[in-house]
Each structure stands twice: as C-alpha cells, then as structure tokens.
Amino acid sequence: MIIRPYGDTTGDGMVQVSFTLPVPAGKAGDGAARQLATKMGLEPALVAHSRAIGDGFTFFVVYGRVSHLVDTDQVIVVERDHPLLTPAEVNTEIRRLLRRELVVVGACIGTDAHTVGIDAILNIKGFAGEKGLEYYREIKVVNLGAQVAVDDLVTRARHERADAVLVSQVVTQRDAHLLNTRAMSDAFATAYPDGNRPLLVVGGPRFDEGSAADLGVDRVFVRGTTPSEVASFLVHRLGSRDLGASA
Amino acid sequence: MIIRPYGDTTGDGMVQVSFTLPVPAGKAGDGAARQLATKMGLEPALVAHSRAIGDGFTFFVVYGRVSHLVDTDQVIVVERDHPLLTPAEVNTEIRRLLRRELVVVGACIGTDAHTVGIDAILNIKGFAGEKGLEYYREIKVVNLGAQVAVDDLVTRARHERADAVLVSQVVTQRDAHLLNTRAMSDAFATAYPDGNRPLLVVGGPRFDEGSAADLGVDRVFVRGTTPSEVASFLVHRLGSRDLGASA
Amino acid sequence: MLELDPTTIATARQLAAQVGRPIVDLARAHTTTSVERATLRLAGLAGADPDGTPWANRLLDAVRADLGIEHGVALPVWDALRREDADLLTLAQKAAAGSVRFELPSERHRDAVRAAASIAVRRGLTRIDRRRQERERLVTEIGDAPRKPWIYLIVATGNIHEDVEQARAAARAGADVIAIIRSTGQSLLDYVPEGLTTEGFAGTYATQANFRLVREALDETSRELGRYVRLTNYASGLCMPEIAALAGMERLDMMLNDSMYGILFRDINPLRTFVDQRFSRQVHARAGIIINTGEDNYLTTADAVDAAHTVTVSQLLNEYFAKEAGLEDWQLGLGHAFEIDPDLDESFRLELAHALLARTLFPDAPLKWMPPTRHMTGDVFRGHLLDGFFNLAGALTGQGILLVGMMTEAVVTPWLSDRDLALQNVRYVLNAASNLHEDFRPAPDGFIATRARQVLAEAIDLLGQISHDSTGLLGAIGDGTFGLMRRPADGGRGLDGVAAKSEHYFNPATEELDR
Amino acid sequence: MLELDPTTIATARQLAAQVGRPIVDLARAHTTTSVERATLRLAGLAGADPDGTPWANRLLDAVRADLGIEHGVALPVWDALRREDADLLTLAQKAAAGSVRFELPSERHRDAVRAAASIAVRRGLTRIDRRRQERERLVTEIGDAPRKPWIYLIVATGNIHEDVEQARAAARAGADVIAIIRSTGQSLLDYVPEGLTTEGFAGTYATQANFRLVREALDETSRELGRYVRLTNYASGLCMPEIAALAGMERLDMMLNDSMYGILFRDINPLRTFVDQRFSRQVHARAGIIINTGEDNYLTTADAVDAAHTVTVSQLLNEYFAKEAGLEDWQLGLGHAFEIDPDLDESFRLELAHALLARTLFPDAPLKWMPPTRHMTGDVFRGHLLDGFFNLAGALTGQGILLVGMMTEAVVTPWLSDRDLALQNVRYVLNAASNLHEDFRPAPDGFIATRARQVLAEAIDLLGQISHDSTGLLGAIGDGTFGLMRRPADGGRGLDGVAAKSEHYFNPATEELDR
C-alpha cells in the first residue's frame, strides 16, 4: 500500500523538521534552512522558527509537505519467524533438544556500563511483567555485568561452554555500539572453529534490527525487547542448528 | 560555502524529524517510518519514538544523519536593494517624487480577519517600537480592515487613487493566502491599464518572500516585518517607476 | 480562592448593571432579520432553494419587501398562510416566486393569526425542550465527564466527514468537549448554509445537517466511552439567533456566544449584535446550553497585563446580559486566557492572579480557560512547555472548561498528532499535580492577591467611567476600549437588518421566551 | 520547608554516624595505590612515559615491587632521592628503567627523609591553597552566579577543543556551572591519562591538561560575562585521590565525588572505594571544592518511590563521611533526582515531598537536583514538558544546583540545540515562577508532609537495621540495598591496590590533612 504522512487530512504529506546550521541567524540563514528542507523533500518548506545559538549557529524548526511516498509493501521487518513460547515450553524444548541446561553468558561489553537493559533480560526480576532468563529452570545464566573486555568475554564463554552469548550496548556515541559488536563477533569467529561458535545476540535501544548479518551476529534486539522473545529465539535457533558440534 | 547540520560536532549532519503515518503502531509501522526518513535522506535513521494515535495512525519521532550538503552561495534571499529610511527621509522623498501625499490602501482580504499584522504596519501604534505608516505626514492611509472582498478593494483603490495597495493574509489553510492573493492581483491587472496599477504589496507570516512574481505582486513581506521596511520599499519603487502614468 | 471585599464585588456588579440596562432596553425595542428568520425556523421552516438560499431568507425577504420587519414576520406570514391555506414551505416557495403579497391581518383575524403563529413556534420550542431533557437523560444514563476542568478540543479539518472522524478520535483520546471550528467568514454570511459541507477555510460551515451528523456520531462514541461527550459550535455573527435555534434543536451542548465579539472582531454593527445576542441567549437558556464568552480574544489584540481589567469588565457585562436573558450561573462559560508575555517577570504568578480573580468573582460559573496563542511561536518545543504551564494554572485555579493548547498554534491548524501531544500534556499535568491546589495558598496580601485586587479596582474604575459617560457602552466600544478595536455605533455590517419594533410588533417566540 | 521533629532528625544522623564510623576506621587503617600516587603528584611528580603511563604509576609500581605499599611511598621514595640525590622525575625514570632499589630509610635517616617528603608534599598542598584563594578572589572580583539554583550544564563532545567551545557557548547562554563529561570507562582506568585529549565515548578524558585548558577558557568567559563560571568534573573511580589532587591544583570548583558510586555503578571494590573517597574528600575540603554526590543514580536502577528512603540514607552517610573528611556544609552538593514515573498519580507532589525532605534535612547544603532521565523517552516534546516540571520543582523547593535536563535524554548525548532549548526552559520557569514558593504552603499534615515523614521514617528503619547487622554497611551494599546493585565486600575491581597500613606507614599528605 502507498501512503503519505498525515497532518490533518489524508495525503497532505505534512512533516516537522528541526536542526541547527552553522550559520548566523537572518534571512540568509533562513534561506539555508529552506535549502536543506527542500533537499529533504519539503516543498513548500515553511521556516516556522529560527533562533541564534551563540554567534555562528542557528536552530531552525521547519514545517512542510513532502512528496515522498511510503510503500508499506517494501518495508522489511525482522518479524518473529517462530512461535513465542512460555517459560514452561522453553524449558521442555531445551530438555528435548539438549538433554542438559542451556548455558547463556551475558555481558555489557566495552566501556559501556548500562546494565539495566541486559539485566532486564537476564535477572529474575525481568521486564514488562515477564521474568528474566534466570527464572527458566533449564537455562543457566552467567551475567558478567558491565564493562567487560571482549577477550574476557570469549574466555568465559569458552570456559562456561556457552550455547549463547548475550551482549548489550547502550552507548552509541561515535558508533561505539557497532565498533564493540564487530570486535566481539570477530573475536568469537577467530576463537571458535567455523559454525561452532555460540549464538551471538546483541541488544540495545539504538541498534537496527536488520543489521545482524552486517554485525556478524545471529540476532539483534532493540528497545522494548522482553525476555520471552529472547528465550523463544534461542531455542528456535538451537533447534534449527546442528547440535552435534556444540555438544 | 558548503555546510551541514550540526548536532554536537561539526559536520555530523544530525537532524530531528517528526510525522504521523496512517499505519498501526508496531514493527511494520516503525519500518514505514524508517523508509520515509531514508527517503528524506536520514541514513542511518533512528526511530526514537512511535505512539499509536487512535487505531489507524502512528506518530513518530526520528533522529538521524543527513548527507545533504547546504551551499550557502546558492541561497537566494530577497535582500533589501535600497536604503532603510527614517520617517523624515521617507516624507522628503515622497514630496520630491510626488509633490503630493502618497496614498496607501490596506486590507485583510477574503475571509481572513487577522488584522493585527496589517495594523502593525499601518496604525500609528506600529510594531517593534516603530510607528506605523499613519504616522508618516506624507502618507495617507486608508485601512479597510478585515474580510474585504477583492472587488470592494479594487473599487476603493480606484476611488482613493491609491499609489500602493497593502494586503494581509494570515490564514494559510488550503493555501487560502495564495488563492486570495492571485485573485487580488488578477483583479487589479484587469481593472487597470498596463503598468498603471498601484504597487501591490502582500504580507503574512507564512508567505515565501521569493514568490512575488509568481503571485503577480510587487513585493511579499513575511514575519517580523516593520513599518519602515515597508515605507522604504514604497518610496524606492515609486522612485524607480515612471510616475507620469499614475499621476 | 481569594479574599475579596464583598461590597467591592457588589459595586462592580451594580455598575455592570447600570452600563448594561440601556443596552437591554435597546435590544428589547428592536428586531432583526435574523431574529425573525429564527422565528420562522422555530416554526419549522427549513431547507434552501436550488442556489442554496435558505427558504427562511427567501420568505423573510419577501415579507420585508412588502412591509419591512418592524411588525415582525409572524403576523404577515400567518395571515398569508390563512389566506393561502398552505404550509410554511409552500408559502416560502410561492413568496420566492413573487406570487404572494404580505399584509398585516385585519382586526378580526388578528387573534386567530396570533394563535396559529404561537402554536407553530411553540412546536419548535417544545422540540428544544425535548432535546434538553434528552441531554439530561443521556448524561445520567451514560455518565458525565470524569472530572473538572472539562477538556475542550478543537477540530478544524474543513470537511465535516473528516471532522467526524477526528472528533471521535479526540473523544476517545480523552476530550470531554469537542468544538467543530467553522469556516472563516461564516460569521459574515447573512444566512445559515444548508446541508453537509466539505469545504471551508480553517474549518467548515456551521449547518443544521452538520450539527446533527456530529452530534449523532458523538452520541455513539459517548456510549462507547461511558461518558457524555459534549459538542460545541459558534453562535456569534450575523446569524446568532438562527444558529442558536438550530443548536437547540440539534442538541448542541455549548455555544460560543459573546455579547460583543461580533462587534469587535467581525465588525458587525453594535445594535444588530446586541439585539441578536439577547434573542440567541434566550434560546440557549431554554435549551440548557452552556455559553462560552470571548474575552480571551481581547488579549490577542491588547496586552494581557494592561488590558486585564477590560476582561473583567466584559465578564461582568456578559454575566449581566446572560442573566437578563434567562441563563443561569452554571451556563456561563465566561472567557479568559493565559496570554501574558512569557518573558515578563513573574508572568506565571500574574496569570494565577488573573485566573483566581475570575474564579472568585464568578464562583458558580464554569469558566472557560483559553491557552496561550499570541505569544506562541514557531518554536514548538517552547510552545509545548507553555501549554503545560497553562494547564497547571488551570488545575491550580479550578477552571471549569480547559481549552487544550497546541504546540503548533503559530504554525498550522492543529494536526492529529498535535492534539494527541496536547492531550498527553493535559493528562500529565492534571494527573501529576491534580491536588496541588491544596498546597497553593496565596498570601492574603501577597503578590497574587494584590494584583487581583488591583485588576478589580481598575475594572470598577472603567465601569464607573462608562456609566457616567452619556454615550455609555456604545461610546466605549467606539473608543476601542475592548481589544483596542474601535467600532462606532453606526458602523459595521448588518445595521440594515435592524428595525425598531412598531406598536403592532408581534413575535410568538419572544413572547414565550420573555416570560 | 517542612515541619520535621528535630529529635527524629537527630536520631537519623546518630544512626548514620554509627553506620559510618566502622567504615572510617577501615579507611584510616588502609592505603591504596591511588592514595600513594596522589601523594607523589602533590609532591610535584607529573607527566608520563612514551607509551602514556604516568610517571606516578611507574614510580609507585617500582616501589610496590620492592616493598609493597603498606609503608606508604614517601619513606622509600625520599630515602632513594637522598641516596641518588635526584629529583622525583629522574628517580621515576631510573626506577622505570629498573635501576633503583627501594627500601625503608634506616633509623638515622628516617627523620630527615620524613622532613624532606613533608616539605615536598606541602608544596602541592600550598599550590592547592593558592588556587582556593584565587577562586575566592575571582568570585569577589568578577562576581558570582546571579541567583540560586545555579544552572549546571553538561558538555560531552568527546573532544576537549569542541568541549571548550561548547562550554563557552553554554556559559554565555546562562550556565553557572559547566560539567565536562569524561569518557565512558575512565573510572576503571588505574591511572590518570595525560595531556589534551580529543577522543573518548560520550565524553573525553579527565586529565590535568584538559582541566587547565577549560578552566583558563572559562576564566576568560567569566570576565567577559561578569560572573564566575564554575567548572566540574568527576572524581569517583579507581583514581579518586589523584583526580582530586589534580582538580585542586587546577582550580576546578566542584567534583562529583560519591562514597559509594564507584562500588555500585562501576563495580569497584568497596574497601578500595572507601579508602580513596576519604583521601579525595580531604583534598577537596582543602581545595574549597564543592562535592556532588550520586544518590540520583540509584533512582535510575531502582524505583524512585520504593527506594526514596535509600536516597535519604545515602545522603546522611555521604554527609557523615564528608564532614569526617573535613568538608563543610556549603561544600555538600548532596544528590537527588526527579525520577518518579510521570504516569503515577500525584507524581509531581511526590517529587515535591522528596525534594522538600532533602531540603529540610540539609538546610545549609547546596543540594544537587537531577532531571528526569529514566522515564524520558524518544518523545522529545513530552520530555521537554517533564523537564519544565522538574525545573518548577527545583524552584519551588529551593534546590541549590539545578542540573539542566535535555529533551533528547533518551536519544543522544546533548546537542547544541538541546542545551539551548533546555536553558530557555529553565529560564522561563525560574523567571515566570521565581517566587511561586511564597504561595506554596504544604499543609502541615497534608499529602506532601505525610509522604516526607514516611520516607524519613523508612530511612531511619533502614539505618537501624544496617547498624544492628554485624556486617554493617558492607553487608548492606552486598545485599543490593542501594540501586538494587549487589556488591560483595571482597568483589569488584581494584582490591589488589589496597593494603593495610604497616606500623611504619608514613604519608605526609594524610598527616597534614588529618590535622
């Protein structure tokens, strides 16, 4: 289906934009803002507000109509291609598949110390009313906490014979989350024989779900993830994977 | 000069966008939002917020980096190509040019009743500390007020032998301001022999200064206009115009 | 609440009465084309001719051509009905075709004609009575708004069908009152458009069909939500009496109806306006409709601090005129607004002072609290913050009807998302600070109380001047006392539609309503 | 202010002392690598080797290799200096090259060595004293912040040169205090980086050179603006003592310095932290630096309502430790935050209750009031509104240091425009409602007072439990009492850098500071 932004009538295409330009406030500045807005597709573009910040900078609020069409059929979303299981179901699956506990090693790598997110997934306390993975009888959770160096993570994963490694990245300034994630996946790639490494799962509020392949991991989770989504994914993947190897 | 938006470091190109799409909230919705943002040039585009409005709609806030470059040399602004005069100077100029009062007819046309703007230009009270045109000894102001029909405006302009007609348009919904302005300039074109019509000046907070030609008027003023800017423009144009005709 | 000297308050009301009485006398002594058309509409005349001119206008114009309006339409029209023995519509059509001559009934028919007219008009009033009972029933049946202030949201798509959708969405999102903005300029039309309309600028037309469509839709939504959602529109303008009649017959719940708005902001003749507003308010009173007055508008053209007392004066006058027309305290949505320059020191406390003054002067009226508009800019972030403080002032000072402010006030007519953000804003403030007023205790002689007393004193001075000036209120309006708008008594639109009542004047509607 | 029973308050302080005393005894009985390095830095050792390891670390490690740190570095180092008769830097270089052996001075040299060490270290302390006087002079000369609360703005570009620009812009835009955020992870470095730095995530490094550069830039801006603009950075971490020393020597004006933050949020060993924080606070006390504590952080991991009393407990402990270390009331920027779920009923009044409790418990401390962070979302409009109510709460409850909240809290590190919008927000609120507190009178037994008393009671209960439990505060920290973070006494980073003082232990800095 083809749709357009909706201001107050179907198809009006109205959007709001704000940004700062390194120009002094004034007519020329407004013109520069209009130029940028036009390049973004706003036509006409109304510079509704411009305010000087310090000397060299001006902040702008622009309203306008974009002609871009959104084709909802072209939207690629990482939809769950597997059922969402209850803890009980997850436990049974694990027993069936592994005949032993599923070992999950979790950490917040690099210099990132934001553990609330990963704890929401791992700790019993859980998130959004769901209990975390520690609550699952058949899952053994090793939560390494924050600011874990990639090498230490690999070593611990090995030592714990981890089936899955869960990594959180919240700080994204200067793409820290991408750099750290790639460093992590590379390290596992080199440390393990092909196809034999644990499942690599990263999560954080500012990741792009579609970037798993690009980051060299098996799955990327974003804001609002709940523990059961993660657990269901893990058993699903382990099921559809040759287990002889990792055993 | 080539510049880019400034978030917190030079050249980072960061902008904020918000809009509503006629889609239900959810992953697919976020994907649609990302698609639109990408078409606007945000790469990567982070859907920071999405919230359902009613059933069929979702509001999005998106942050991201645009690669568009702004070329400040390409910015066209309607810069004043004439000096900004004091009331005294304006009066002298008028005396020199016309040897009589300059007649200005002002109105808020169509169904628009927003007179504060035009009154700010015409009334003695003025705007931003400047006195309005009524204060100028050599200017005769006929302020017809709000919701004046175009035909009545033309008739009065004729009857007053107006040198300039000042029109305000504040309501812009469904391009009311453009429709009304065009209707007005057409009416004057037909009512007056070529090159003989009074100066046509429109103003309002949501006009594009560059649209004068397109609207068939001599000048467009926008938000923040002050009376002296208008007065200076009038005498400048009258000066650079063959006066025999209008006399 | 503030401590205000009761005698000072009494003086203020007395002066307002002195200033208002001569205006009421004028209103009683005159009639207008719209008053007479409203009478025809109450008697059941509806619909329009092929080019959209309402039959009420066609019939009235015919009568007027023959006799003028100074005797009222009732006598000539029902006399003609007797002669032609036709129904109103047929008569209107014949009259439009020019095949009817109108005259006053002869002595021997006069009583019969009066009686016939009265019966016909009473039908309209009875319909209004039924609609009022219906509202009362629905409110008890379905339930009322959960709290005060009522949350009042504007819808203005310019297409009645989009309006219906957005009105429902707004109600579901938490609005207690929905206002359908009408098209710019309708107030200057000397007739009420007919049918469902899908055009207009910054809103679509106020028509009987549109009223009915939206009210029905909201009845449905009200049931769905378990709370009766109120509907409002605008009366002020050249057709105040007729729109009031239609609103009553279609069970609108509130109407914007100000005694001076049309004069000041639409340049409608003062006399015309005062005659029309009195009749329209009598109809509102009967219909159990809550009126909203327009003092807030003054602060969009005059400074909210300098002109604060003119708002108080206008509120007192609106109260006087309203009560004289039969409205009760609970029906008086007196207007005021949060329009003080936000860059002014203590601006928020000044707003609190003004809001508390109104609250204290009119303890039983559901005050209408308008959001910042004039000082809103394209900085929508700042605007959203200002609206939050407006909401807080509303909660702290116990306002009755809270108009939801939109961050895009200075940019566009509200977007769907603007309304949603605005409602979240209101909900946060009302929820997070709902009972903060318990901790809000302005010192008896502190900044707030002192400012409130000063404004009241200035209001009393102004009323005093007006009442002593021979030209009275009309003179004051001519001098730009309100909203800096100068409107001379003999200027403005619609004066030609006013006539002094003749000694034969008869209008069954006013007879009934004046009781 | 609230009415609180003085004896209840006294009890709370007593209990805090009972809980804190054993920790102070521990701190006195131990030293750490960072304390000893700080001593060397005070004695003038600066700079780093070619791969960036500070000479202070190189020298200390050499000493430690030979003797451990339990005797302190002073005796072995100044004994070696005597033998080698070199200056500190040369000695460090030789030691790094492995060409020096360290030992305790022999009986006959001990006094001379102590004396030499004391003279050297006192030079550093004198420099700190001079910087303090300099600040006092500048504040009187240039002028101080115009009002309370002081407006505190964060700068975090990750490049010190961009930081300088943004710091100046922020000051011109109205900030009274500028915080340069350091790079994530610096707190886990067991050394202080050297030189001007242009990298880092979410901030750049805290180095002596960076401190100096920004302070000088702000001195210039302060003169330009006619008000002394304060500079802040972070002490907490593995190098608290050294950073404190550098901050004192470079005239920083405030430091984030919490007795437990490192333990809870950086998993640094409790013993290490308690020893380091004591020394660092003694240095801050001497430097006339205002500390900011970190209770606000607890509310980012624990619920602001359920855990409200843990904030109070932590404030009381931070106060106890601070005073024991010689800090005075005016130097205690005790932390708390506006972190209650905004969807909670009465959330705003609950915030007011908590803020007033802190205000009343610590009347002479410049409380640090932190903005909403946890409940901020990508809805920047809603966020801007929340920040406005945070600002209002700050104004109503007389907070001392107002951290400016940014609408993009949940999205990015602050943008230039975010700071500007945030400052406008603060300015509007402080200006429009500056004296609203005069009208804010929580009823003695109303919602707010009751809630405040309840939180205080819960705090006293908790302190009681901790003081009766044999494991005391260390046990409580192990159980996740604060911020739901469980940190066992023997866990965490940096324990290997702690040693019990030997009977020979000598440290001229502590001797001087303990006076």
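We call the chains A, B, C and D, going by the order they appear; numbering starts again at 1 in every chain.
Everything below uses one rule, namely that a residue touches a chain if its C-beta (ideal position, glycine included) is under 8 Å from a C-beta of that chain, and two chains touch if they have at least 3 such contacts.
From a predicted model like this one, the values you see are computed outputs, not experimental measurements.
**Student:** Relative to chain B, which chain's C-alpha centre is the most remote?
**Tutor:** Between chain B and the rest, the longest centre separation is with D.
**Student:** Between A-D and B-D, which chain pair is linked by the larger number of C-beta contacts?
**Tutor:** A-D
**Student:** Starting from the mean Cα coordinates of chain B and chain C, work out the distance between those two points in Å.
**Tutor:** Chain centroid spacing, chain B to chain C, equals 33 Å.
**Student:** I'd like to verify one number: the distance from the centre of chain B to the centre of chain D, where each centre is the average of its C-alpha atoms, in whole angstrom.
**Tutor:** Inter-chain centre distance comes to 54 Å.
**Student:** Could you give the separation in Å between the centres of chain C and chain D, each centre being the mean of its C-alpha atoms?
**Tutor:** Chain C and chain D have C-alpha centres separated by 61 Å.
**Student:** Residue numbers in chain B touching 2 or more other chains?
**Tutor:** In chain B, residues 6-7, 10, 14, 16, 18-20, 46, 51, 57, 206 touch at least two other chains, as defined above.
**Student:** For chain D, what residues touch not just one other chain but two or more?
**Tutor:** 156, 158, 380-381, 410-413, 415-416, 421, in rising order.
**Student:** Please name which positions on chain A make contact with chain D in the complex.
**Tutor:** Result: residues 18-20, 51, 53-54, 57, 59, 110-113, 116, 145-147, 171-174, 176, 205-206 of chain A touch chain D.
**Student:** Would you tell me which residues of chain A are touching chain C in their complex?
**Tutor:** Residues in contact with chain C: 6-10, 14, 16, 46-51, 61, 63.
**Student:** Going by the contact rule at the top, pick out the chain A residues touching chain B in the complex.
**Tutor:** Interface residues on chain A, with respect to chain B: 3, 5-7, 10, 14-23, 27-28, 30-32, 34-36, 39-41, 44, 46, 57, 66, 68, 70-72, 74-79, 206, 208-209.
**Student:** For chain C, which residues count as touching chain B in their complex?
**Tutor:** Those in contact with chain B are residues 156, 158, 169, 172-173, 183-185, 188, 201-202, 265-267, 300-301, 410-413, 415-417, 420-421.
**Student:** Quick one: which bits of chain C touch chain D in the complex? Just the residue numbers, please.
**Tutor:** Against chain D, the touching part of chain C is residues 342-349, 352, 380-382, 384-386, 388-389, 392, 407, 421, 424-425, 428-429, 431-436, 438-443, 446-448.
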